[in-house]
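Read through the structure below, which is laid out as structure tokens, and then see the notes.
A, B, C and D are the chain letters, set down in written order, and residue numbers restart from 1 in every chain.
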Amino acid sequence: MKTLLVIKKQEYEWLIDLFPGVHPLLVPICNKPFIEFLVDFAILAGSNALRIVSDGVLEDVEHYCENGSRWGVEISYGSMRPADDTHTVIEKNRRFCLEERVIIISGFLFIRYNKKSEYASLFASLPSGELLSCPNGSISLTGTSTTKTGTPGTLPFSLAALDSIGKYYELSMEILSTGLTHYVIPGYSSEENCYIGRNVVIPKSAEIIKPVIIGNNVQIMTNSIIDKNSVIGSNVIIDRESVISGSIVIDNTYIGEHLEVKNKIAAGNLLIDPQSGTSIVMEDPHLLTTMTQSRVAGALLRRIVHAVGATFLIVLQLLPWLLLRPILGMQGKWKRKREQHYTGLPGKNVTLTNTTIEGTGAASAFAKALSLDRFTLLFNVLIGKLALIGNLPLPVTPAIRRLPNSHEGYRPAVFSYAEAEEWPEIGIDAEIVEHYYAVHSDPLKDIAMTQKALFHRTH
Amino acid sequence: MIFHLDTSTTLPLGVVLLKKRVDATNSIELQKAFAQWLQQTNNFVFDCTELDFIDSSGLGAIVSCLRKALEHHGDVKLAALGPKVAMVFELTKAKKLFSIFSECSEAIQSFVTVSTT
Amino acid sequence: MNPIITLTLQANLRYARIASILACNIAEIFADCTCNSADIAEFCHAYELSVSEAFTNSVRYAKPSQPEKQVTIRFSSDDSALAVSIIDTNPQFNPVTKAPDISSYPEGGYGLFLIHRLMDTVSYTREDDTNILTMTKQATMTHGT
Amino acid sequence: MNISEKTINNYTIVSLQGILNASSAPKLKTYIAGMPDEQSLVIDLENVEFLDSSGLGALVGIARKKKTSSAIMKLARMNERVKKVFEITQAYTLFDIYDDVSAAAEA
């Protein structure tokens, strides 16, 4: 048995705005990429090969699924023209379809199935032709059955069209409430209807109510409630005293404190009401806290605290720096690079000298342990160009002409919160932790975080 | 934003028509103007018919208007919230602080009902 | 970056294959210890194709006034990345490129676009009268699980 | 690069073997130019070891000519390396691509 998936760009295009940067076929449904449900189904139905055919770009899908060895099925890819009908697509893949029976799934469809049912023998015995159809597509079978059977009763699978955000939401809720045991859902499940990924921090005061699915690298802060029927993606922070219920929080999303997300989809800074389709951009994630905080006074205090901290470090590092800098310089291990970096103010950049210490000798190791590579940057704190701790300065590159919007609360600094927390220092993971502290830090916490950063850089 | 004193009922009511956006650029303006309006009445209806967008500073300004009105034993009621604006109020639980009406006239009427009973 | 090999070829399209085969082989040796086999094939193909494109461009845009035109290909590497520079004495060019409008059936203009898509970084410098187009790619693949 | 041809139905099947780059692309163009413009084609790419953008440009050029003279041009049996070039440039949107030569020559 083989499976041929025919999905046209026109059918999935509507998802692109909702999940920018994610190929629609990889969009997560209950934290599992859409395509994996179809791969699972194809395998259950006895397929040893699967071909994905589309008129759209499949590059990201290929990168994700590769040749299918992860699932023990051979996955290949094909192209088609937008006007091609199913018959033409079969012709274009004749070699693939030639010898064995082929299940043809056409359209951007979700197939409801139950992993405990027996599909391989069923598909082998079904007569050829269309098995099921809906306005958005169909599932059909080619070739002749190998075993004799009567006409099948109701088929143990059905189709759900995916053509709007409302359907996407409904389907996710359906899986949560009735179908969690029907599919393979990612995460660790110590009890029924509860799937939790790796590196998930849940404090005692937080409340989790089943059914729930939580991804990897999730921080749920104190007194938060994850109420029933919620899907929390990966790299998500739910800040304190917020309530999530009947909602889907997509990967890489920060939910500010004291918020109530009910029957919504939160994706990055987008909040969507799946019933009406209304969406808003949450330009500021900590909506209610701004009312009480005096930002100006806070900023001045922070600058003073950071300057004092920097002065302390300069005094501490001066002697080692004076000793080691010339030695490493002579050994050619002290590398400097001057680069423009964003300050966070539009159109204003700052030139910083970044130092890297190379080699493994005693002098290098000692200099690295003392973070001497950041020594000269500390003077920028005194003149107020950099913070002591905040975000790693983002270099100005032709590729990103201005600071991306995702860098909310960006504050270039000598040390970064990501370093303090031992999170990956680049990429989306770092962004999310820096984002969190950009909203949350206060000057005192900053000093503690700087100590942590220094300590972690030593090890 | 446009302010007018509604005298159609027994109670003098400040009706404020909010336009397009209430955000960081005009939230302070709203708070300043509100202090002026407070000298004329304590009870307000914010008509959001023409309001398309609100951010946290806008929300903060409206909440601070409510707080001031409550200090003067008055109230701020909201009317005719568009879907996007309603979502912000719902998300932040600010919805619970306000009486919200779908029509401006209903909001005006509600003041009268309360004051007569 | 430590130099590996420098090869100077006559600027003739016939020799494009030599340049790209060399690139493919060096990439294979380089990636051998860091990548799995599927990734090696992809890594090598990226170099084979990019060098073919860059060399072809260098030959195409050579000034007709120079009879003895040459193109130099220089490979160097560090722990994880392989760099290849294509050096010629052609007129200055603009290395920034946008995707060709495929619907108008263009017969050319894909070269630099392909290079940008295949490589991690592409840098262009003009020194005296030479163009240096340097392309690098990390051998440690991050995709897949 | 070697070029060979055969006929199936009304299609001329042009099979390419070897390297299709800037130095061999002119050979393909000349070869195709030697046929009548209205001749429908299937180009069999199974044995193309390497294709670069000059080779792709030649194929796109042929496709454009066939399109203007209302003839059909199809591609068959692309290997992974060739497919990669079509994918990055999105040139696959211009062609009907088959995994089998005889299927291409039937429709």
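Please note the rule applied: a contact is a pair of C-beta atoms (placed from the backbone, for glycine too) under 8 Å apart; a residue touches a chain by one contact, two chains touch by 3 or more.
Bear in mind that the values here come from a model prediction, so they are computed numbers and not experimental data.
The minimum number of touch steps separating chain B from chain D is 2. Chain A has the Cα centre that lies closest to the mean of all protein Cα atoms in view.
Ranked by distance of CA centroids from chain D, the top chain is B. By count of C-beta pairs in contact, C-D exceeds the other of the chain pairs C-D and A-D.
Averaged C-alpha coordinates put the centre of chain C at 25 Å from the centre of chain D. Separation between the centroids of chain A and chain C, computed from CA atoms only, is 33 Å. Averaging C-alpha coordinates per chain places the centre of chain B 64 Å away from that of chain C. With centres set at the average Cα position, the gap from chain A to chain D is 40 Å.
Residue positions of chain D with contacts to 2 or more other chains are 88, 90, 93.
Listed for chain C are no residues, as none touches two or more other chains. Residue numbers of chain B whose C-beta contacts span two or more other chains: none are found.
On the side of chain B, the complex with chain A involves touching residues 55-57, 59-60, 63-64, 83-84, 87-88, 90-94.
On chain D, the positions that touch chain A within their shared complex are 83, 86-88, 90, 92-93, 96-100, 102-103, 106-107. Across the complex, chain D meets chain C through its residues 19, 21-23, 50, 52-54, 56-58, 60-61, 63-64, 67, 81, 84-85, 88-91, 93-94. Contact residues of chain C toward chain D in the complex are 13-14, 16-17, 20, 45, 48-49, 52-53, 56, 59-60, 99-100, 102-103, 105-108, 110-111, 113-114, 117-118. Remark: chain A residues 258-262, 264, 271, 273, 276, 278-280, 282-284, 286-288, 290-291 touch chain B in the complex.
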